[in-house]
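Report on the structure given below.
Labels run A, B, C and D following the written order; every chain starts at residue 1.
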Amino acid sequence: MIWKTIKVGFHRLGSAPSFYRFSTVVSPWLWAGFALCSVIGVYYALYVVPPDYQQSDSFRILYVHVPSAWQAMAGYVVMSILAAIALIWRIRLTEIMAMMCAPIGAAFTAICLATGSIWGRPMWGTWWEWDARLTSMLVLLFIYLGIMGLYAAFDDKRKGARVACILVLVGLVNIPIIHFSVEWWTTLHQGKTIRIFGESSMHYSMMPPLIWMTIGVKLMFGAALLDRARNELLTQDRRKGWVRKILSNKGD
Amino acid sequence: MSLRALPALLLRDLRLAVRHGGESLMPLFFLFAVLILVPLGVGPGPNLLATIAPGMIWVAALLASLLALENLFRPDFEDGTLEQWWLGHLPVTGLVMTRLLSHWLITGLPVILFAPLAAQMLYLPDQALGVLMLSLLIGTPILSLIGGLAAALTLGTNRGSVLLSILVFPLVVPVLIFATGAVAAAADGFSPRAHLGLLAALLVLALTLVPLAVTAALRLNIE
Amino acid sequence: MIPELEYAVYVWSSYGIFAVVVAWQILQPVLYRRRLMAELREEQALQSGEYDDPNP
Amino acid sequence: MSLLLEARDVTFRRQGDRVFKPLDVELAAGNAVVVLGPNGCGKTTLLRLLAGILQPAEGAISRHAATAFLGHASALKAELTCRENLEFLRAFHGTPGISASRALSRTGLTGLGLRPARALSAGQKRRLGLASLLVSPRPIWLLDEPYASLDDAGGELVDELLAEHLAEGGAVALSTHQRKPKLASPAGELWVQRAPLEEPA
């Protein structure tokens, strides 16, 4: 029953022109929501929240670092769900959306790595620490890049998408294993480093900006995904009548 | 239904490897290139070499396995022999496993056979040698499986080799960690069992999932 | 107006990186779409014979 | 007459678009069908679909006998000798037929058994491809341009082999541009037509 609903829903939305209309309407709202959330979040993060007694102001970096890290992983989960749907039911829209998750996820992984490294400089005294989380993130970045590269290397985009979807699912199985192995490896090789957020040691006053930024980042992911998927759809269908119609309808 | 197809394929693959001669010796050449170049780079100190020995031998095994991947399915794809796999009476997964076995025999086995020599050259403590061999024995088939998957995924593209390395690298991280961890533990006098057990679990997981993924990827790519 | 922070350089550069990457996520689809539409329109004009050669 | 292969409303999709208009194909024992159509209309794709190399995007195919497919690339290993190639295929396809030597002589390649396949001319490679059909006999033959690069004698050889195969109760579908097979009972014709672009609703 629920499977059928999903399938029918995607088929209905999956018609290219209707997805085009849907995304054109929805994406600006998501961008606006992101702008609102991030303005509030950044305001709280930089002006309202008091400095940490241990890390002083450097912990404010975490308000961009942590939501990006969460989104980098959540983005992979979203991509895997879309990829599974694409492989099982061969729905083109989910193929495209799964593929378009990769560059956005990679962007968040990159933010996470860069800000983590910047945070580490004052805290650990080094730009790079073989910390379990940073190392797994680095590996995740390469998985994202691999998916993007694989998709880009095919001329037949539908074939490329399906092949890359297999890789997405292989990655899904592998990421927990990689994470576990890296954690195991770092605990064997080094002493404890400062935890980015200690176990539930975060004061409740530090929470609001984190929540706002997290919501904002999620909205942004959705908006960017819709925009990219819409472009990909236009590119793939550029010979078709519905795209021609859009071209001639628009006066600009 | 005859199972003669599998040994026939294996024999043909090995015969082709022998006929290519130089190419099939590349894995060994790689092993020895690493063995000679790294001490030249870091200095001949026995302590340092002994510490990095497991990592070096394993990286050499990984490179050897990577090296032969471009030729795993591509020549068959181009001369039309690969599509014949779908005409036969045998499930393609069986043929995939056979092909991966031949890859392992060409790239993994030579490294295992010469590992004792390499271990001596790098002053690996004697008590770690057995564990090194065991880790190679369990781990190199995983390298072949993961490499085969990457080769199958990139088959339909025309710039396969760079992509291949990008795809393989993240997936082999756990193998490298557990395998070298086992050897290092043994060298330091600790029990390598936990590492080897995890490595074996990885092998089982890879053996069950990878051939299916490879078959699906090949099927998509011959379209 | 601008809060005085310790480790200010680190904090600001982190937020800067975040802003730049997010801005790129907004801009990339817009720029790509503009280029694609221009190309398709040109193609259509060529087909229907209404193409004005910019440098004849 | 027993049906060896039936296909109902089959077509294939590339980049999401149909390659050709959906087709029905029936191959009965002793039947030959010539697949016709302009370049790029999907003849090879149709044969690969019938062979089971591709899976149909629409429609269904049922095969009631083992299938042989001879494509543009002859499925030969350049580094192996002609004999090694044939002996491998004989074991690989699981239905051993006449010996490699007999197959070589039947296809006019006597004395070339020890020559590496890469040293053969284009026409000789096609002949070796035909020999591979003989070493592992399978009732359904799907031949993509079997007359390509063959001389007149080679073309007649193909006709003879086809006639023998049909007489033994086999079935053949082949695509061709050059000549049509000269057979006792004329072969059926199947026209493949390019599919128009579909528009989403």
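Rule of thumb we're sticking to: contacts are C-beta pairs under 8 Å (C-beta built on N, C-alpha and C of every residue); 3 or more make two chains touch, one makes a residue touch a chain.
In this text the structure is predicted, and so the values were computed from the model without any measurement.
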Pair with more cross-chain C-beta pairs in contact, given A-D and A-B: A-B
Gap in Å, rounded to a whole number, between the CA centres of chain D and chain C: 52
Distance from the mean Cα position of chain D to that of chain A, given in whole angstrom: 48
Chain B and chain C: spacing of chain centres that average the CA atoms, whole Å: 43
Separation of chain A from chain B, taking each centre as the mean of its C-alpha atoms, in whole Å: 32
Per-residue multi-chain contacts in chain C, two or more chains: none
For chain A, residues that touch 2 or more chains besides their own: 156, 159
Multi-chain contact sites of chain B, meaning residues that touch two or more partners: 223
In contact (per the touch rule at the top): chain pairs: A-B, A-C, A-D, B-D
Interfacial residue positions of chain A with respect to chain D in the complex: 15-17, 92, 156-159, 236, 239-242
For the chain D and chain A complex, residues of the former touching the latter: 13-16, 197, 199-201
Contact set on chain C toward chain A in their complex: 3, 5-8, 10-11, 13-15, 17-18, 21-22, 24-26, 28-30, 32-33, 36-37, 40-41, 44
In the complex, chain A residues that touch chain C: 31, 38, 42, 46-47, 51, 56-58, 60-61, 64-65, 68, 104, 107-108, 110-111, 114-115, 118-119, 121-122, 220, 224, 227-228, 230-231, 234-235, 238, 243-244, 247-248
Chain D residues within the chain B interface of the complex: 14, 48, 51-55, 66-69, 71-80, 84, 88, 91-94
